[in-house]
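Presented below is the structure to which this report refers.
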Amino acid sequence: MPERRDAEYLVVNLARAIRPNEVTFSGVNSVLPMAACVLARRAYDFDFTYLSVAGGVDVFPKKLPRSSTDPALLAGTAAIFSNADFYDLATRGKLDLIFLGAAQVDAFGRTNVSAIGDWAHPKVRLPGGGGAAVMMPVAPRVALWRSEHTTRTLVEKLEFITAAGKTAVLVTPYAVFARDPAKNERFHLASYRDDTDPAAIVARTGFSFEAARAVPTAPMTARERAALDAMDAFDLLENELPRVTGLR
Amino acid sequence: MPERRDAEYLVVNLARAIRPNEVTFSGVNSVLPMAACVLARRAYDFDFTYLSVAGGVDVFPKKLPRSSTDPALLAGTAAIFSNADFYDLATRGKLDLIFLGAAQVDAFGRTNVSAIGDWAHPKVRLPGGGGAAVMMPVAPRVALWRSEHTTRTLVEKLEFITAAGKTAVLVTPYAVFARDPAKNERFHLASYRDDTDPAAIVARTGFSFEAARAVPTAPMTARERAALDAMDAFDLLENELPRVTGLR
Amino acid sequence: MANKIVSLAEMARSIPDGSSIGFGGSFLHRAPFALVRELVRRGARGLEVIKSSPGYDIDLLARAHAVSRAKAGIVAIEGGLGLAPSYRRAVEDGELQLEEHSCMTIVAGMRAAAAGVPFAPVAGVFGSDLLALNHWKTVADPYGSGKETVVVPAISPDVAVIHANEADANGDARVYGSPPWDRELTRAAKRVFVTAERLVSSAQLAQQPELTLLPGFMVEAVAIVPRGAWPGSLHPDYDVDYAAVEAYLEPGDAALARHLAAAPEARVFSRA
Amino acid sequence: MANKIVSLAEMARSIPDGSSIGFGGSFLHRAPFALVRELVRRGARGLEVIKSSPGYDIDLLARAHAVSRAKAGIVAIEGGLGLAPSYRRAVEDGELQLEEHSCMTIVAGMRAAAAGVPFAPVAGVFGSDLLALNHWKTVADPYGSGKETVVVPAISPDVAVIHANEADANGDARVYGSPPWDRELTRAAKRVFVTAERLVSSAQLAQQPELTLLPGFMVEAVAIVPRGAWPGSLHPDYDVDYAAVEAYLEPGDAALARHLAAAPEARVFSRA
């Protein structure tokens, strides 16, 4: 069963991936990054642009919709920035940070969202990567999330590479991995949840990684806590955890 | 000096190029085809779609604007069909009839709208062909007009080929030439104004052509006459004749 | 101006078995779901679905064994309701042949079809197994940058169906909010159909013609279908009916029959 | 939300000599002519104009010896006023290096830039001497149709300037009527500037966000310039001032000075 703290850890650490003045984007099936963008807007002092797959620009709804494609993400927008427009923005390299989910992730931040088992005769047909294969190589930075942190989700070898590219961050309920997206390098453990430790992370991770730089994840600030509480969206976030990939 | 009947002959015979249920298009610098489409709407019983470069669909203004790009061609339109849209329509072959002007035309319906003299060191820099080079090969049929019918405008050899393609008709103040746009064939003289004859057309034309099928151009019908009179646009049409190409 | 109004049943009948169909909208939003149901009611077979992000639509067609091929980038019910179970079963059973895309690769293919060219370049993709899986080709920049670019083939669905907020009898269709990919889809398809919430006059559309996504001359037929995007949303007219989506997801033929009978068009229209 | 409002003079100063500039609009319609005049007033030199159908704008820059290169498909004053005389002189004298396009080839190049790919396919062109003149390359369809297709290189202007009916302080810009190529232009350019008839609030734009052609986050600066498209038209606000265009076409420096002094922005604005 997912715990509230799992979802909250994911949301806060996805929000922390956002840098001042960036143009960020969250797509379909992406309630956690949607929540992260709303949290960042409320908890952080810097400005950034939030585009959603629903077509709105800088829409931070009070009540999070169940769907990250919901027209609630159009409320009050001054412009409709539709799919072709934000895809082009991404492919010309002007979408600074893209949030993407995955069923499986490897040490290079590549993802499998296509199939478990042979692609042509899958044991489990997964949803597909959306725009990930196009976006991941062109976006300056990609932040991944995976709500299940186990050796079958964080793997040494993907069963299918749906997308590969400039992954900078991977957030799970227990840890934050990072890599330089400009280099062909493996993740290192950047930080871990305060109720775990690097050895425990190693044990539940299917790929090997360097942990020398790892520190406990900075505690949630009061403003982050307040923003999370204001969202009152745990039902949504909980829903997202077990169902999004069909793995459980 | 252009005569009123020159302009009227051009407009009526361009209008006669339109077939039932076609999608037609007139572009920039195209007052004569604009007038032709308005005439066809008023004088003929069949339906057709008229797209203008101004972005309107089936707009037939009472008073013709001086510019064929004028927002007057948006009045009452139910849709804005903008440049990228009608260009794509043309290039996917769904713009049935395109009207194009030229400074020089050859026997294959190819056009020069670029330069007189060497392109790189022109004696006269002409306006350029607009979208002609893209559209002429892909449109099912192209109707050309040339307001000056002389051996220097209708030529055996173009000084520069701005565009080549599926020309079906060429209208001048004195004659209508035709060719099968699906074949790589030369124009033949289809018809000539009733105050001239094939020999006179041969004398003022720089390319050779077959005239065996030529007949006097059918006289203007009462409805065509009435539509022309209702347009009350001779000033516009006269303006267009000497100035559009800069040749005179 | 032509009167292109037809019944939903007539529209569904005019789409032959085996057609490739591009549906408008995305996941649970702005999609012509009433027409999808009508295809099920008429017993359609062998359809191909072409859509970057189908969900309820492809799942319903898979549940009714009406779809045998698909081009898609991501398939899910969404809204926290997880994968599309009938679609998943159909793919896993080999009943549905999937051509897996990356959303924008479908749109690039549609852009190529819309522009009358055989292929379109698309950024990214390198590193993905989709490149080899789909036998996509690459082209070296002929202008000397040395950059290799993936090109995808043109995609021209036999039929496009979008759901509009308003349409006139000529087929001019107004859309509020984000059209997702409806613009590209309607330019790429061989035949274009519109379902619309409301019939309006052309004069009403002319009040703000910039809002007309699709000009009528491109449209073959229009069906006026109030709540035609149900159980999905149509901005700004109505939200997702999640209870209905959850009821749809109950397994079994009886649940499916109840769902189809509960649809607005089944309760409002006499069947033509 | 940023306040990006600048004066017209500040905007003109921020565009360096030698820049390639894509202007919005077409011929005498919806073009940022006030900004073009301001470039002349600031004595700009060595500009490149990129526009499918320039006219008054490129002619004025040529008359002021401000433009040395151009990519264009058709150049004329239009409205029955014939060719652009200063442009013509500049090309014939070799002062202006023209890269002659076919309108859509510019737009295809802009689409490539907008999509982050090095080239774009474009239909047609075969049979035209432009193919060899511009050293455009062809690509054989890698999917086996055997069809050769012309590809043009990406075109990314250093600067895009469009004239909008309304803009907010963040740069969100609303356009009525046909934008010609403004959408493609603003997606292809490295920097995007807006001149606008009227300043409105973001809340006003949010009443109908579908009418916003350009979202503010893509915009560097906005200048509010009433009658900024003069002597051209701006639908639906005003028509072409043909008397002013004809006065502009009178030869000589005095006529040019009179024209610049008669412009709305010269009479309304204090010069920053």
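Some points to look at:
Note that the chains take the letters A, B, C and D in the order they are written out, and that residue 1 is the start of every chain.
As a working rule, contacts are C-beta pairs under 8 Å (C-beta built on N, C-alpha and C of every residue); 3 or more make two chains touch, one makes a residue touch a chain.
This one's a predicted model, so the numbers in the text were calculated from it and none came from an experiment.
In terms of the stated touch criterion, the partners common to chain B and chain C are D, listed by label.
Centroid analysis (C-alpha atoms only) places B farthest from chain C. With centres set at the average Cα position, the gap from chain B to chain D is 27 Å.
Distance between chain A and chain D, defined via averaged C-alpha coordinates, is recorded as 40 Å.
Taking each chain's centre as the mean of its C-alpha atoms, chain A lies 57 Å from chain B. In chain D, the positions touching at least two other chains are 115-117, 122-123, 177, 210.
The set of chain A residues touching two or more other chains comprises 56, 74, 80-81, 91-92, 138.
Taken as a graph of touching chains, this assembly fits none of the simple shapes: it is neither a line, a ring, a star nor a complete graph. Pairwise chain contacts present here: A-C, A-D, B-C, B-D, C-D [touch as defined]. Across the interface of their complex, chain D is touched by residues 108, 112, 115-123, 137, 139, 141-143, 145, 147, 149, 151, 153, 175-177, 208, 210-211 of chain C.
Within the complex formed with chain B, the residues of chain C that make contact are 1-2, 113-117, 168, 170, 172, 187, 202-203, 205-206, 209-210, 212, 214-217.
Listing the residues of chain D that touch chain B in their complex gives 26-29, 52-53, 72-76, 78-84, 87-88, 91-92, 94, 98, 100-105, 107, 122-130, 133, 177-181, 183-184, 233, 235-236, 239-240, 242.
If you check the complex, the residues on chain B that touch chain D are 28-29, 31, 53-56, 66-71, 74, 80-84, 87, 91-92, 110, 113-114, 119, 121-138, 160-165, 236, 239-240, 243-244, 246. Within the complex formed with chain C, the chain B residues making contact are 23, 47, 49, 56-58, 74, 76-81, 85, 88-89, 91-93, 138.
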